[in-house]
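Below: a set of structures, written as structure tokens.
You will see chain A twice below: alongside chain B first, and alongside chain C after that.
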Partner chain A sequence: MKLTVSDLTKTFGRKTAVSHVNLELTPGVYGLLGPNGAGKTTLIRLLVDLLRPDQGAVLLDGKNISDMGEEYRMQLGYLPQKAGYYPWLSAEKFLLYMAALKGLDRADAAERTRTLLQTVGLYEERKKHLSAYSGGMLQRVEIAQALLNDPKILILDEPTTGLDPQERIRFRNMIRRFSGDRIILLSTHIVSDVEQEADQVILLREGHVVRTGTVQEISSSVAGKAVEDGTSPLENAYLRYCGQEAS
Partner chain B sequence: MIRAEMKKAWSRPMTIIALLFACLLQVFYPFSNRDTSLRELSAEINKMSGPMNSSWDKTISARYKAEWGDSGPSDEEYGTLSAGQKALLYAMPYTDFSSMTDDLVAAMNQTYGRKTEQYYSGLKKAAESGRLIFGISPAAESMSDQSTVGIGFLLFMLLFSCSLFAGERNEGMAPLQATAHDGRRRLFFSKCLACQISALIVWISENAVYALTLTYLYGWGNLSAVCQGYNKNYCPYPLSEGQFLLAVLLMGFAASQAAALLFFLLSYIPAGVQQIFALEFFALVLPALARYFLDIGPLALWIPCLMNCRALLDRLCLLQIGSAEIPYWMLAVSETGIIIILSVFIVRFLGRKAERAQVQEHELNEVRI
Partner chain C sequence: MTQKEIISIIKGSVQEPPERCVDVCLDNLPDVRRRPYLQRLLALELRSFSGLFYAGVVVFASLEFFIWQALSPDQALRTAALFSAVILLFPAGQLMAQGEGDMDELERTCLYSRGQHLMAKAMCFFLLSIVESGITFSMAAVYCPQGAGAAVSTLIPGLCGSAAALWEARLLSRRKGPMLVTFVAAALAGSFFQGRIAGKGLLAEGVSAAALFILILIQFPTFLAGGAYDEAYSI
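Showing the complex of A and B:
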């Protein structure tokens, strides 16, 4: 399985949010790092076919995802940056609804919902209305919904926002277990999440991919040039490529 | 998918509250307008039930004469009449009916032309063959006034449809839905069906509550009794009370489904909840309120107003605009045609284009930040 991003460009008015991005994603965990306004969310929305590119294409095994439609979405799990929910539904009902949207039959939906609620540690509170959930709990529900259809391509936009340290560890373990023959793209500004989980890192700045490589490759590319004291090697590289100093 | 949409929509507290409100209207309205003597009076009227032929005419006339002679009760007497006497007063005008149809046909022909002739000749034949039964069904007569059912239904749909698309966009569900396997075309049709089924549930619930209230207040009397006309010369229709109610309900059902579809289509226009609410209120609810409370004739043809079509059935199948007489069916076809064209436009162009523009605008804001 190969997700190819070919010369992808998207502009809004005069502002180019994503500019001539080329990537090849094969199974593995990818960390998408970049400052606010770098074009991460736009790139993700292009990857999940929420936006149509002005130029270029996203191809899954050579097929344009816009033409694939349902066939592509069947393999896709997506967690938006600001994911919605229905406050009057319980977590269980919400996941069952999302499972129906994802085309799961009732038995599968019930089974996956139960398993995922256990995985994200919300099984005991599954009957509570979502309006009574904390931000962290809601985020866990949203992560669960992204995994409902056992996606081959999982795209998570700021997945650890609102999670406490314990939940973040749980999330990382979950991603580790879930990876394998899947493409997982984590967009975040928390460098440590990427540092520990990602096989490959994509650094994005002003709509351009400024660097790709493994954590080690990127970290070593700026070795000995610490921007600030106390930063990890990848944070150091991030500041070099995407921070103010880069501009 | 439809089941999931239904479950989601009906687990929303606002949906249940709106349904309860719509149903409670069907209790409050008949109670606040109840005629306390109607149950007893209708029982007395139905004691005189029978085919409206010459022997029935003679029997009633004889009883009337025995009671009051040729002059009838005086105004002072009227307040002291028993239910049986009032029933006799009610029955008396029907004795003229058979003899009056010929004059009526001639008069109506002169005013309205051939369509009227067909209508009244049918009535005449029904009278001659003894198919017109004297009697009354107070509950059926009351229930054929569907104005509160219509208002309750439209208020429910107004609240329900705002949550279909605009509400979901507000809650940030659109990106989650659009990236799910069945989250686009299939979701659209599932929502549409869920909307129509919900409309059916509300309409049936309202009418069931209305029927129960009227059963409690008046009873159903004689459903095979000839239907008393409400407007044009107060002549009976060649229909029984039961048949007339069925016709009103069928028309109301069809109109409710068509109105629900209009609500659904308008809710698809990408705008905020408040804009959708205002648009639907002005386009669909306000004309119905104006029609029911101000009795504006031509508004009767606007789909949401057709839910209360008794007045429409009362009149002849012609709408007079100035000196021009336009058949209602022609107006209905034109109205449907316009709605179909608008629907296609909303779904094919406005909806998708603006939805995408909305995502883009969101992106642009993020980029600006």
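Showing the complex of A and C:
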């Protein structure tokens, strides 16, 4: 399985959010790093076919995802940066609803919902309305919905937002278990999340991919240059490539 | 497909080279995934409404029985018109004003296409309107001297609200708050004119309602063509 991003460009008015991006994603965990406004969310929306590119295409095994439609969406798990939910539904009903939307039959939906609620540690509170959930709990429900259809391509936009350290560890373990023959793309500006999870890192700045490579490759590419106090090698590389100044 | 046929497919695929046998097996097995049916999506959309919404519909429907008995036909028509506008207002936000941070973004990445979702949402909207109008028209048939036709004017505030909210969303903000405020303001304005139009007979009522309905239909495709986060998206 190969997801190819070919010369992808998206403009909003005068602002070019994503500019001539070329990537090749094969099974593995990818960390998409970039400062706010770098174009991460726009790139992700292009990858999940929510946006149509002005130029270029996203291809799955050579087929344009826009032409694949349902065939592509069936293989996709997606967590938006600001994920929606129906506050009057319980976590269990919300996941069953999402499972039905993803085309799972009732038995499968019930089984997957139960397993995922246990995985994200919300099984005991599955009957509570989502309106009563904290931000971290909602984020865990949203992560669970992304995994419902056992997707081959999992795209998560800021997945660890609102998670406490323990939940973050749980999330990392979950991603580690879930990876394998899947393409997982984590978009974040929290470098440590990527440092520990990603096989490959994609650095994005002002809509351009400024660097790709493994954590080691990217970290070593700035070796020998002045290191900011208290930053890890990847953070140092991020600050250099993405033009961020250490606070 | 029988068990025998499945076994023969698996046996057949084992004959293939190891790197191809899984692909061959998967290609030959039938696709048992659920196909996207609009009817099923419609049921899912209706399931996603809050229980409070359905309770509200039942309460308003029950109240209609009382208002037609307690008020004069003119007053009852005006009150029923406002009820129908309020009932439309409840799902309007969920069905129409979708953008970043709403369920629409998640729903669109599932099995059903954006076009199918929008079709189901529009059908939900009309289904609810028809149920609500059905009650009003039945009551008017019993209690109004002019018969069920008198109830045509009760559609005007709801139609005014919908047309104005769509206009606002299309040209201005496309945000839920301003859309709903516009809906309420236009529905109230519509209820003011409803009395005058009702007095001019069934033809005037019908023409007004039809004109508003056409106004909605004209604006609908443009509105549906985009979301708050993607002005360039086409169905």
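Worth pointing out:
Everything below uses one rule, namely that the second predicted complex is superposed on the first by the 241 of 247 C-alpha atoms of A that agree within 3 Å, B and C clash if a C-alpha of one lies under 4 Å from a C-alpha of the other, contacts with A are read in each partner's own complex, and residues count from 1 in each chain.
FYI, a residue touches a chain if its C-beta (ideal position, glycine included) is under 8 Å from a C-beta of that chain, and two chains touch if they have at least 3 such contacts.
For clarity, every value in this text was computed on a predicted model and none was experimentally measured.
On the superposed chain A, the two partners chain B and chain C do not both fit; they clash.
By the document's definition of touching, neither partner reaches A:His189: not chain B, not chain C. Contact with chain B, but none with chain C, is seen for A:Ala17 once the two complexes are overlaid on the shared chain. Number of chain A residues touched is higher for B, counting chain B against chain C. Of the two partner chains placed by the overlay, chain B and chain C both lie in contact with A:Arg73. Judged by the touch definition given at the top, the superposed model places A:Arg211 against neither chain B nor chain C. Of the two partner chains placed by superposition, chain B and chain C are both touched by A:Ala83.
In the superposed model, A:Gly37 lies in contact with chain B only, and not with chain C.
In the superposition on chain A, A:Arg52 makes contact with both chain B and chain C.
In the superposition on chain A, A:Asp105 contacts chain C only, with no contact to chain B.
Contacts of chain A with chain B, set against its contacts with chain C after fitting on chain A, overlap at residues 12, 45, 48-52, 69-70, 73-74, 76, 78, 80, 82-86, 88-89, 97-98, 100-103, 145.
Taken together, the chain C residues at the contact with chain A in this complex read 33-34, 36, 40-41, 44, 47-48, 50-52, 100-113, 229-234. Contact residues of chain B toward chain A in the complex are 1, 3-4, 7-8, 11-13, 168, 171-184, 187, 356, 359-360, 363-364, 366-369. Across the interface of their complex, chain C is touched by residues 12, 45, 48-52, 54, 69-70, 73-74, 76, 78, 80, 82-86, 88-89, 97-98, 100-105, 145 of chain A. Listed in rising order, the residues of chain A touching chain B in the complex are 10, 12-13, 15, 17, 36-37, 39, 41-42, 45, 48-52, 69-70, 73-74, 76, 78, 80, 82-89, 93, 96-98, 100-103, 145, 149.
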